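Quick heads-up: structures coming right below.
Look at the two complexes coming up: subunit A is in both, with subunit B in one and subunit C in the other.
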Partner chain A sequence: MALSDFLVSLLTVVGVYTLFGLGLNVKYGFTGLVDFGHVLYFMIGAYVTVVVAMPSGAADYAGIGGFALPELLSALPLGGFIGWLLAVAVAMTAAALLSLLVGVPTLRLREDYLAITALGVATILHSVVNDEEWLFNGPFGVREVYQPLGGAFPLSLGSFTVNLVVFGLPSVLALGYVAYRVVRYVRPVSRDAALFTVAGVVLTVVGFGVTTLGGGAVVAAGAAVIAAGVYAVSRGVRVAGGFGRPLALFAALVFALWYLVMPAVTDSPAAVVVNLVWLFDPTTGANGAVTYSRFILLLTGAFVALAYLWCERTVNSPYGRVLRAIREDEDVPEALGKPTFKYKVHSMMFGSALAAAAGGLWATHIGFIDPGQFTSSITFFAFTAVIIGGTANNKGVILGTAVFWTLRTGTRFLDDYFPAEYATQLAALRVMLIGALLIVILYYRSEGLLGEQTYDTGVSPRGESSD
Partner chain B sequence: MTDPILSVDDVEKRFGGITALDGASFDVDPGITGLIGPNGAGKSTMFNVITGFLSPDAGTVEFRGNDITGMRPSTVADRGLVRTFQIPHELPEMTVRENLALAPRDQRGESLLNTWTRGSGYEQDERNAQKRAVEMAERFDIDHVLDTPAGELSGGQRKLLELARALLTDPDLVLLDEPLAGVNPTLENRILDHLQDLESEGYSFLFIEHDIDVIMEHCQEVIVMHQGRVLTAGDPEDVRSDERVIDAYLGGDADDGGDGE
Partner chain C sequence: MVSAGLVDALAQGLVTGGIIAAGALGLSLVYSIAGVPNFAHGDMITVGAYLVLALNNPAELALVPNLVALPFAAAAVVGIAAAGVFGSAYEFAVFRRFRGKDADLITMVIVSLGLALILRNLVVFLVGSKNVTYDTPSGVNLNVDLYLTGNGLAVELTRRVRGSIQTLDAWGYGWPALVAIVALAFAAGYAVYRWRRGDAGFDEVHFVDPRIWGVAGFALVAAALAFALRGGAFGVADAAYSTRVGVSRKYGLILAVMLATMFCINYVLKRTKTGRAMRATADDQSLARIRGVNIDRVQLVVWVLAAVLAAVAGALLGWYSSSLNPNMGFSLLLPVFAAVIVGGIDSPYGAALGGLLIGISMDVGVFLLPTEFATYRTAIAFVILVVVLLVKPEGLWGDA
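Entry: the complex of A and B
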């Protein structure tokens, strides 16, 4: 598997959980509703999308469903895709209605009671889905997951050259744009801070190199060099007087080493080209093609972009102002004549609908769903991601989710640099690393990496001001 | 004699074995009315019952002739009866501007669908809310801190913000829970001047206060509560000379700070 495949898969996971986190942020970040049962709506979204799009009489499936929406619309141009989008819309509506049912009794409770009650309801419904085979096939899961536009992929436009130009060029440009933004952001950092950071990267890489030589004392020595590298980066952060630029530089350098330099050394220069044209997979078919997983990434990106704009529009408004007032002190908007209960119910429904859309995408990405994928740890992953990135900050959700899932799954390849007998310890270390990061952030920067965002209702507040 | 703007009739409220309100009745006429009584007399509980934060166990509350007993606080506020809190409830992470712009009623941008569509009236209402927020801030001399998070205000500024925010809902009657507690004498006079000005503009106030001189000077009427009941009500001069009031309240600890309710 080329690194680009890994990157595409990681970005898709980040996208799905960003969508999920945006929904949580509406509830928790902007309204102050601690919904420990958020994963419930992710699960409902996944199941409803799948069973609504599924043709009837699917093999090995005993649950309800089989409405075959994409098939019904197949006469239309893009009918299957529209049918799938409608299935997602149905799932979002179902999740919103379910959260209404859950919310009416629980939203009258104060926040800590709400958190526990929501967790209880989610656990109960998870058990129902897991145990009742007539509903969604119980623990056997659903294999019949509709693939929107699946027939069109792998997509090839004929000759290899045409493919490379049409798909490869935008890929390279996208990478270049990201690099340009990172350089522009990092550039004002001081020379000393940059040197410390680069030294940190070099030490870390050398440390990993040493550990591959294997065996007891050598691994320990490598780990010590890695620790020295981490210390150098922390010096860089201190010298820079801010963590953003040195850490961005660190991340960019590590990414470049991993994605571009390492393949050239261990593989061949051709591998670097394959990575650069990441959207295009030259190894699929005769002339290369865009694989279906890459299409899912683009689809997820489109969903995230739309959801981001939707959330921004929602919070940058008088409506969003009432939500934040509820978060700060519910008695105030209530005493001023705002029916806070109604606002909380709406916020719950909106956030849950976004989680359901994430569920629909998740099912499409993973191709098979069962109750085991929707444990409550998913909720807590999202809370962690939102808190790392910045509670009540939609951009922070994207950043926090990217940091979280990069640490969780993106560091898996590091296992190769350690002798195989350490695999179990390394898996535990990854979880500890995220826990440690969460503690560091809560200690030094409790508002998260980006902090709360600023707001603008779209009407210039200074227009009529006399000051 | 005008019709009372607020009528409280035989209201009872118990918390477990404690009777906080024990058949309290009074009328409030337009103007400035004081509500006094020793600690534990039930004044704050009465405010909570009137504004819907608590449901009474018995009795009725009428506002401008309509029964509002047991309605949600937001409904009560929507009818034009708004309250402030004894400890100012500023929204700490929101700016003073946002705290104020929140208050005007019936903003069309506060509906979720209209927020998404930015449909009719969204911009007009929001511009109006922003404009009124600035005007009210100027009136109360907090316009220099408009873009400061409310959590960073001084205690006095919080009191002013609380009052300004309540007024932005265009109320007929404002219930002020100890607006002068913990306020320095200069600011106290400014707040009282504001109340006098606002009264002449047609606003009515019912406020809890412990300083009998303030009551004498600024209230047309005063209601005295004691042990969950109304001891007496009427002209401040008559009340001051009432033997029972002197026994219950003025005797001994008249200038008690009164923060334990």
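Entry: the complex of A and C
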């Protein structure tokens, strides 16, 4: 598997969980509702999307379903895709209505009651989905997942050159734009800090290289070199007087080394080109093509962009101002005549609908769903991601989710260096570190990497209305 | 043929309820005094259970040195004490720091969640996720078979020996004796209750609530009369209703340990200076501080007590169900929270009663529902929780 395939898969996962995290941020970040059952709506979204879009009479499936919405609309142009979008809409509505049922009894009470009740509902409905085969096939899951526009992929436009230009050029431009933004952001950093960071990158990478050679003493030496690298980066952070730019530089350099330099060394320069034109897979078919997983990435990106804009618009509106006021002190908006209970219910439904959309995308990405994918740890990971990025910051959700899932997926590589029987131990260690990270961030930097976002309140600093 | 019935489910529920009550008692102390809705409490139960396991049956644990293997009772005492050390670690390493920053309720919820993730996966890391058991002497399971016949109530004490049922003892009560036992015991219980509450006043704090005295009096007199008035066995072939209750020394010991634990907590809360400081802190932390209460010390005691109570619940749960796994505590978290909220979060006594109520409802509910609902034991606790939240959000015995 080329590195670009891995990158596409990682970005899709980050996109799905960003959508999920945006929903959580609406509830937790902007309205202050601790919904420990957020994964419930993710699960509902995944199952309802799959079941509504599934053709009837699917093999090995005993649950309800088979409404075949895409087939019903197949007469229309893009009918299958519209049918799938409708299925996602149905899933979002179902999740919103379910959260209404959960919210009405609990949202009038103290915030901790919501946390335990939501966790309870999620746990119990999870066991219902797991135990009741007539519902969604129980523990055996659903294999019949509709793939919107699945027939059109791998997409090829004819000759290899046309494909390369049409699909490769935007990929390179996108990478270049990201690089440009990173460079512009990192540039103001002082030379000393930059040198420390670069030294840190070199030491860390060399350390990892040494560690992979194996052998007890060599591994210890490698670990020592990695520690020296981490120390150098921390010096860089101290010299720079802020952690943002050195860490961005560090991440960008490590990414460039991993994604562009390493393939050139271990493989061939052609591999670098393959990685650069990441949206285009030259190895599929005779003339290369855009694979389905890349389409799912673009689809996820479109969903995330829409959800981001929707969330931004909501929190910047007077409506969002009321939500924040409820978070800070519910009595104040109540005294000003705002029906705070209604606002809280709306916030629950809105956030749950976003989680359901994430669930629908998740099912399409994975192609197989079972109850084991929807444990309550998914909620806790989303909380961690939101808190890393910055609670009540929509950009922070994107950043936090990217950091969280990159770390979590990246550390899986370490499993290769340990005997297989320690896999459970390593997984447990990872979750322990997540818990510790959660506590450490809340203690030392409770505002997360980015802090709460600034709002476009329509009021200029001098107190005059700007619009 | 007698089969287990409602009375057996009640007895089971009493034991389950006792275990939940121990968890709920600790959670309620932390909730009301430390102000933390502690989502790590379930995993504190797990940690306590595994601490006892590490001393009792270390051969089951992969990454724990196989040093000592104490008998279960000794291991339980040492392990529960060790859990207290863990409790002080939670306070010093995590919660004291966040209290120093005046963290709000939501932050505390999420911090306790982080601690829960750490604790549960620490157990998985050290032990793995397979089911393990304590090394305990095998107990003797007795069956008490009750028959309701035209002549009265017949009792048979049986046990299963190599597949066949052996009758150990049998006796019976005629209807007049039965009525006399119930009436006399009820009268005695009520009399004790009236006698104990004779000095009731708003400034009088009873060490043991008169209602508990009443129930104890009822139970004691009923047991004494039942022993004194037992008559000869009679035929049970025409029994209108028969039921079997499984009992064992284990159940009795679990209930005895629970009663002793609750008595100790009651003593600490009502008769010691620290206990008064704890209750004052729960009422109003600033006022308590002004009156010279050392808040940090009180919080430390609360966390140690909570961890000890969680370990008691964990050890008893692992013993009762004959299996331990890293999720045992987390799956008990919902019933424990339900018990605390049903009882009223500010009242440790409410939490204990709530625990009994939840435990009995869970086991009786599972008995009454069709068998395919057996997996929804926790859901019963949850339904009670939601109904109480809707109808009486301050809890059944709370005064908030």
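Just so we're on the same page, the second predicted complex is superposed on the first by the 426 of 467 C-alpha atoms of A that agree within 3 Å, B and C clash if a C-alpha of one lies under 4 Å from a C-alpha of the other, contacts with A are read in each partner's own complex, and residues count from 1 in each chain.
As a convention for this text, contacts are C-beta pairs under 8 Å (C-beta built on N, C-alpha and C of every residue); 3 or more make two chains touch, one makes a residue touch a chain.
Because the structure is predicted, anything quoted here is derived from the model rather than measured.
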Please indicate which partner A:I434 is in contact with in the superposed arrangement: first for subunit B, second for subunit C, both, or neither.
second
Please work out whether A:D329 is in contact with subunit B alone, subunit C alone, both, or neither, and reply first, second, both or neither.
first
Go through the superposed model and pick first if A:I387 touches only subunit B, second if only subunit C, both, or neither.
second
Touched partner set for A:Y455, first subunit B, second subunit C, both or neither:
first
State whether A:Q425 touches subunit B only (first), subunit C only (second), both chains, or neither.
second
If we overlay the two complexes on their shared chain A, which of subunit B and subunit C does A:V219 touch? Say first, second, both or neither.
neither
Name the contact category of A:T123: first (subunit B only), second (subunit C only), both, or neither.
second
After lining up the shared chain so the two structures overlap, which partner does A:T340 touch, if you call subunit B first and subunit C second: first, second, both or neither?
first
Answer with first, second, both or neither: which of subunit B and subunit C does A:L442 touch in the superposed model?
second
Subunit C residues touching subunit A in their complex are 37, 39, 63, 94, 97-98, 101, 103, 105-107, 109-111, 113-118, 120-122, 124-125, 128-129, 333-334, 337-338, 341, 375-376, 378-379, 382, 385-386, 389-390, 393
With touch defined as at the start, can you tell me which subunit A residues reach subunit B in the complex?
310, 313-314, 317-322, 324-325, 328-329, 331-341, 346, 350, 452, 455, 457-461, 463-467
Applying the document's contact rule, which stretches of subunit B touch subunit A when the two form their complex?
51, 53, 72-75, 77-78, 82-83, 85, 89, 91-94, 97-98, 101-103, 105, 107, 109-112, 114-116, 118, 122-123, 125-127, 129-131, 133-134, 138, 143-144, 146, 165-166, 169
Per the contact definition, I'd like the list of subunit A residues that touch subunit C in the complex.
32, 34, 36, 105-106, 109-113, 115-117, 119-121, 123-124, 127-128, 131, 377, 380, 383, 387, 424-425, 427-429, 431-432, 434-439, 442-443, 446
